[in-house]
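Quick one: this structure, given as structure tokens, is what I'll be asking you about.
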Amino acid sequence: MYNLLKGKRGIIFGALNSSSIAWKVAEKAHEEGAIFTLTNTPVAMRFGEINELAANCNNAEIIPADATNIDDLENLISKSMEVLGGKLDFILHSIGMSLNVRKGRTYDDLDYNYFMKTLDISSLSFHKVIQVARKMDAMNEWGSIVALSYIAAQRTLYGYNDMADAKAILESIARSFGYIYGRDKKVRINTISQSPTRTTAGSGVKGIDGLIDFTDRMSPLGNADAAECADFCIVLFSDLSRKITMQNIYHDGGFSSMGMSYKAMNQYNKSFDNPDEILKD
Amino acid sequence: MYNLLKGKRGIIFGALNSSSIAWKVAEKAHEEGAIFTLTNTPVAMRFGEINELAANCNNAEIIPADATNIDDLENLISKSMEVLGGKLDFILHSIGMSLNVRKGRTYDDLDYNYFMKTLDISSLSFHKVIQVARKMDAMNEWGSIVALSYIAAQRTLYGYNDMADAKAILESIARSFGYIYGRDKKVRINTISQSPTRTTAGSGVKGIDGLIDFTDRMSPLGNADAAECADFCIVLFSDLSRKITMQNIYHDGGFSSMGMSYKAMNQYNKSFDNPDEILKD
Amino acid sequence: MYNLLKGKRGIIFGALNSSSIAWKVAEKAHEEGAIFTLTNTPVAMRFGEINELAANCNNAEIIPADATNIDDLENLISKSMEVLGGKLDFILHSIGMSLNVRKGRTYDDLDYNYFMKTLDISSLSFHKVIQVARKMDAMNEWGSIVALSYIAAQRTLYGYNDMADAKAILESIARSFGYIYGRDKKVRINTISQSPTRTTAGSGVKGIDGLIDFTDRMSPLGNADAAECADFCIVLFSDLSRKITMQNIYHDGGFSSMGMSYKAMNQYNKSFDNPDEILKD
Amino acid sequence: MYNLLKGKRGIIFGALNSSSIAWKVAEKAHEEGAIFTLTNTPVAMRFGEINELAANCNNAEIIPADATNIDDLENLISKSMEVLGGKLDFILHSIGMSLNVRKGRTYDDLDYNYFMKTLDISSLSFHKVIQVARKMDAMNEWGSIVALSYIAAQRTLYGYNDMADAKAILESIARSFGYIYGRDKKVRINTISQSPTRTTAGSGVKGIDGLIDFTDRMSPLGNADAAECADFCIVLFSDLSRKITMQNIYHDGGFSSMGMSYKAMNQYNKSFDNPDEILKD
């Protein structure tokens, strides 16, 4: 559309199906002139439709990888550079999973092996991707690495469970490694804190419908959707955001800066059949 | 109760009636062994019941002052030191008023003279109090100055209007002057960001009942009330918080760190007679 | 370059000379296909070189306006719409001035008339521009309004004086009005918190050279310059950031997320002729 | 001194020797009328002087426990309730250790087993303590749980390594569990972000002397020391802070709100033998 990523090479993690943010990022990155490889775990690839995406993106190469496995990451990165014909300019990390959530373990009854798995899959994988890329000197100067986060890193949401802690450490890794990779190679690392999104992953969160309604009414621009999020990923991959690093940027229709909107308050007040119930328990 | 303020002298701004936070602070400070003067504008004093408070606090001296007027502040501070027998150890600033709110001017139709007045009364008065105290060298080392703020300084609330901007600059003044007064005289300056409170001032805010219900259900400990806020003011005046300065501390039952609670979500969901209405406008 | 602003119309406040951020924004906006008017106060226009800029931007119309004056703003906006042939898509607010700084009044000796002037010129002008635009219904849906801020809004810097408070309220206005204008017309309002920049305005700040050296060594990517800041303004004006509003985005080479870098610490340590001096006063 | 903790029972983790913050907390808690047990790992107890502390605190019981081990924690908590004669009112978590730091693995060359260990010891241990306490219903209503954090959770410091990420998740756990434990039992959970402190743990951090000098000159009140930190821990355990939860409170002499102080800038500028070197690399 604008050729913002013309000549840029990248890797996109986490495109499962057409509701995935990573899917939209791939489509937009292709439109903007980038070439890239796609990756996901073998399991996710079986359930998803990544082949269709690859076909839409000029037959992008699909390279399976478990993002918690160093060997897989080394293979992914070296093959990507080979296939794409040079060092990388961008990486999207869109990975998150909690066995505690899946198995219905609430936050006051966590299984600690699962908790460790949540952190390894959802957060340490981000460190691993970056560390492997850096050791292989796989990024061009002014390259850009982005991970997707959520406001649960700052504010507790009922039911989001240990994913909140995973997002907190994900954003911390972006800062910690952003300093080092920026200082040494001008590579920038940021996270985007996106509105709740009805992806396959997002759908697993308890009571997601009510929450999405609430955040939509709270946000002056409404919730941001996956395609809009992808637009901003493109911006962060482009040369127009070169001096932004170690940041978590809210892409959420304004939600993060809202205390209470008229629309949400109005809806909330409808919950009282009788105004006298207000402030009664 | 604990003698936390034994031997300390102070000035308390803004006690109107027994629902005022400043009123509770005066009562607690008295209990904790402090001596202090009370002050308010002549108008507020006519409508309020400050004489009753003074009587309860060992006949504390009442010294009228318009906190936007330098002469008044000089008079207040010099008389206070005279009456109390020495320099001051603490000051509470609990002042806020918006003519735009009172006159029903919405935020997209502000009267700019009123806006300036809002800032002068609610925020610059804080700077004036501090600047006058500093010029008169009226504070003892390790003295403590506290102003009351609200989360509207960080997040927009429908109807809070230009008071949000006033709180933002109030907190900024605490930082800016906290640096200087700390560096030079070890005086610390902080703000407390308090739950919405049903004071005479708070009651003026549009839709306050629904909001208080919502924040109460969102906050794991419920809203903090005026007496609890006063407890924490005492802490900030005491010697136990000597190295805290330039901070805005949330005293709000946890609200500021909440994204969504079960109780609030549950109440919100009751607003839909029919679950199919969710996410419909 | 990318045609990111093709067909968009705007107003750019505050281009004084070629070191101004607003100057760079105008040049880039022109390159990206926008048409716009330029404005500044009559005084600033006499001292500046805005005619040269206008010539470079396809003879952009220059419309003098004092941004604190409602009549001037109404004239500016109506003429701009007339000249540009339609409603506006973007506005850049790059305005700041403190008489206290200019006259050497330190923060503990502020002149309160000057303080009010600082706020009126540097902050309330932002509200005025938006309020006038909104009353005139001058913005297209999904339009974008940006003001330039500085980290002094969050952290106190020696010598930055009442401009810190002005930036705090500027960012608050972006949130407060961002809610309303977003809700009603999908117009988004953000601030960019830019590295210290050697503009004509920035040069007035005390000890700016040492500070710029420090922030440059602290920031993994070094300080962001005016041209880079302009790139990101273009992004915020473009359709690729439609769901970002009410945010303050740090464009600062990573400085805001740094506690201490190796380079800055190393330089700092050189200040001790003898390591034994460390931690001695 | 004030009897702030009269009748309260607690557990204090992490007192190694007299420079430990936990050591000071134990001394102050004792002075303020609390009774408590002391705990540390068997290894730390061998190297430390915890017996001396216990003797000073009315022969407080020492119960060894590895805070990452659920059985140990269950034993610790049940024995503590037994010894102290009832449920607990406060817990201090002062635990942190990074094998990556110890073994000299830099942040771009982390050993991931060590990283997991860092998180387990420094952060997940906090969750484990709370989860075990809650399952055993070991806390009284309005009890208070505090962990010690550091500004590295928000801002990257050279050499702090994976402890930054550990502190980020520590603070997140305080929020996540603070919601649940507050909602169900009114137990509050907070972290204190303390100045860099010359404890045995703190001394391991690279270049700590220069950093401590810098933060001291940056902070208007100077760095906070361990005893002052202990004072504020007492406050958070007391009834005077009942409505504060899920917060991270900076106890740092103002450092966190500083951008640049006169003293630090002045010292920094001395590093240039010749002012022309400024801004040269």
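Side notes on the structure shown:
The letters A, B, C and D name the chains in turn, as written, and every chain counts its residues from 1.
The rule is short, and it goes like this: contacts are C-beta pairs under 8 Å (C-beta built on N, C-alpha and C of every residue); 3 or more make two chains touch, one makes a residue touch a chain.
Quantities reported herein were computed from a predicted structural model and do not represent experimental measurements.
Counted as hops between touching chains, the shortest connection from chain B to chain D is 1. In summary, the pair chain A and chain D forms a contact in which both copies contribute largely the same residue numbers, shared numbers making up over half of all those used.
Chain centres were defined as the mean of their Cα atoms; on that basis the chain farthest from chain B turns out to be A. The interface at B-D recurs elsewhere; of A-B, A-C or A-D, the pair that shares more than half of its residue-numbered contact pairs is A-C.
Centroids built from CA atoms put chain D at 40 Å from chain C. Centre-to-centre separation of chain B and chain C, using mean CA positions: 31 Å.
The multi-chain contact residues of chain B, meaning those touching 2 or more other chains, are 155-156, 158, 175, 178-181, 246, 257-258, 261-262.
On the side of chain D, the complex with chain B involves touching residues 2-4, 175, 178-183, 186, 188, 195, 219-222, 224, 228-229, 231-232, 234-235, 238-247, 249-254, 256-258, 261-263. The residues of chain C lying in touch with chain D in their complex are 151-152, 154-160, 207, 209-214, 216, 257-262, 265, 267-271, 275, 278-279. Per the touch definition, chain A reaches chain D in the complex via residues 70, 107-110, 112, 115-116, 119-120, 124, 127-128, 131, 134-135, 153, 155-156, 158, 161-162, 164-165, 168-169, 171-173, 175-181, 246.
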